[in-house]
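Okay, got some structures for you below.
Look for subunit A in each of the two complexes below; its partner is subunit B in the first and subunit C in the second.
Showing the complex of A and B:
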């Protein structure tokens, strides 16, 4: 991977290899590919990346990404604004939107509480969440955070701050993935899926 | 992966996913990463990519990539200009340079003859190679092309055109990789390594 005949290629490899999950070998392959593309194709890529910095905003309401100051989910009058789904980051919004099972609005925390990584409540958008709940009628808050110790810690922290202000605080179901075999499921998940068992008729009506 | 709240994000995902080996999920991860970077970091990346198009040249002598009209390998007086190593593309130059075993110059074909992919001799830099060999004293041409049918076809084509003009035409050795077990080597490679067996003393003196 050592080459010393082009500083321009070296610099491109160095910059591309800074991207997450891209090593120097992949960076070289991408750099050579980019060099061989038509000018217009490279310009379109550069312009699209550039606009990510200059024109992509964080929604003032929910901290989701947005082309406008307030995102299209928060400004959609057909969505239930009294149902808030709290997620760690924008990828979770995309994942939940793809299910077509949720018609409320979101609140993106920008992370979860993780003392070991130096992330406390003040680094997240929690204050804004509490403020919204204090100032607006909210029926239910769904906590859709990772099922980890940090996720649980964040869940409890939020619950303590909002439980007396909203009717229902719920978390997404922990259980066995659809299509998974019981024998290959870890004990903790299997145990939780027993504790959180669902009435037969409810379970199947939800699927319809 | 469906999201419809940001056209800017969509466009960036679409452009990034056009790169080889990058799917839409990775493109999303990269787009979010780029959005979160500092302006200066994104500018450095964009500038490095942009220079790949605007400032990176193809060497007039060997068709390697170069920051100057003629590359630093071709302009290096310490290298043996009568020893030409013919390779498929620039990645092969980088790989061979990394071995520190070669002190000649290169000729990058830009591909190999492959009728099935519509690549004939005229799409490659073969004419230029023959012209160089006709007009300059060349001691040896090393053919370092892939050990495939297309590679062999290209080897024979080059050999027919240059064998009466250079003293030696050689190909890189086909054999068992250093550190590999015989029992896991395919028969063709093992067979070739027997046919191309090397005198014991020569083999070990080459390694020193």
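Showing the complex of A and C:
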């Protein structure tokens, strides 16, 4: 894939191919495409990329991405600051925001505890979360972490550190996906759904 | 449930092979190295999507070839159905299992459809190998019918790995932080108890069946026993973890828990068969284990697994062979495949016990 005729093209391919999900062949295609763009288009792209680095911050409060030192969710007075939803990373904030079901604020951990991968509690923003709750007690903390062994470990760790300061520590429900058939649900999930069954009346009134 | 037909292409030592089988007893005969075991392994593939012997599919491709294919036709006389199952693997590509031309999304959807039990000389490892082989043997049987158990087992193993990683880090940094260890322990404890209870219950269920098979095979010659041994019988999980915690930190792994369980196999009621059993007695023991597995699967699924008896006459004395053939002759088993090097011996012996059978000569690739 190395072209003998242009060191500039080679360099461009090399840099583009460092991006996730992009191989050298796609990198070549993108490089050739970029070369054919108008000057103004290239400048717009370059400026967008460079502002991503220079002007995009992580929120001082919740570690979400933000244009300002504190993000628009944390500064929004209409949101319930007594309700904190703990998530693994920024993609989870985007996913939960898309549901329009949540009016509290977030706390982004930046990962989950997994000593095998060298991620201990100190690598995450957990200290900051505990400090926030210590200084400013809240009504409820929702743990919205992956339903894996690592996610559970992180849940337990957080619970141990905040349970005496927060009225309610809750975790997202585990069970059958909406619109799914029982027969296609795996045994473990179905078993959990039965153990964690909900009262029909409350479930019905909440959904409608 | 029978395998009616098999066709092999470039599988192990076969360039190509095609056989029609009967639904009862099939004898596979041929000289050393002609591929009797390989044919049985191909049948194993059709049931479990993998080899009984080697973990890597690439070793099942004939030397210097690019791919192998196994085609089988299974019939169910009760339901009057016929299914074509195929397993193909090409170097560098993924293995494809098809049922009636339609590819399975997950191999696990196929496993269990055609239950099968392989009895092989390698089963000896269950007796003489490390405790992990015995745990695996029983865990596979339990988790086949209890997906919650499988999930608990996987979670438990992951937690142990994470806990061990913390232990190693503590050792390197000299910073013995118990809070994270404590969190892993709190999660391990309920899982460990559940696994312990299920293993105990399984052994209690299978033990009388096992003893019965062994006494039938040996002609009531000797007593045998299986004792499930777990640290949880001696003290609580919490106490156990506490008692080994210093050693854990020093060695960098967890020394107490159900991942250290073992199953003790005894002969003459209290002598370990590993040390005191003869080769023939050990063979009878592992054979009785496999036949108990047959009963267990049959009781759970109401279907008789296909039984593959590889080189079964090796090491057993004529009396025990007679008892085994009595069992086969009773027709409790479904379809059976027996391999032997001596076609006359196999033919004679099966006739002697009035067992209807067909013989297949691997050397000539013909039915006899």
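Just so we're on the same page, the second predicted complex is superposed on the first by the 206 of 208 C-alpha atoms of A that agree within 3 Å, B and C clash if a C-alpha of one lies under 4 Å from a C-alpha of the other, contacts with A are read in each partner's own complex, and residues count from 1 in each chain.
In the analysis below, a contact is a pair of C-beta atoms (placed from the backbone, for glycine too) under 8 Å apart; a residue touches a chain by one contact, two chains touch by 3 or more.
The shown structure was predicted, so the numbers you read here are calculated from the model rather than taken from an experiment.
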| item | value |
| --- | --- |
| Which superposed partner A:121 touches (first subunit B, second subunit C, both, neither) | second |
| Touching partner for A:24 - first (subunit B), second (subunit C), both, neither | neither |
| Contacts of A:174 with subunit B and subunit C, given as first, second, both or neither | neither |
| Touched partner set for A:197, first subunit B, second subunit C, both or neither | neither |
| Subunit B versus subunit C, judged by how many residues of subunit A each one touches | B |
| Set intersection of subunit A contacts, subunit C complex versus subunit B complex | none |
| Contacting residues of subunit A [partner subunit C, same complex] | 113-116, 120-121, 149-150, 152-153, 156-157, 160, 186-188, 191 |
| Subunit A-touching residues of subunit B, taken from the complex the two chains share | 1-9, 11-12, 14-16, 18-21, 26, 28-35, 37, 39, 41-42, 44-46, 48-53, 55-56, 64-67, 71-73, 89-91, 93-94, 97-98 |
| Touching residues on subunit C, where the partner in the complex is subunit A | 147-148, 151, 155, 158-159, 161-163, 165-166, 169, 179-180, 183-184, 186-187 |
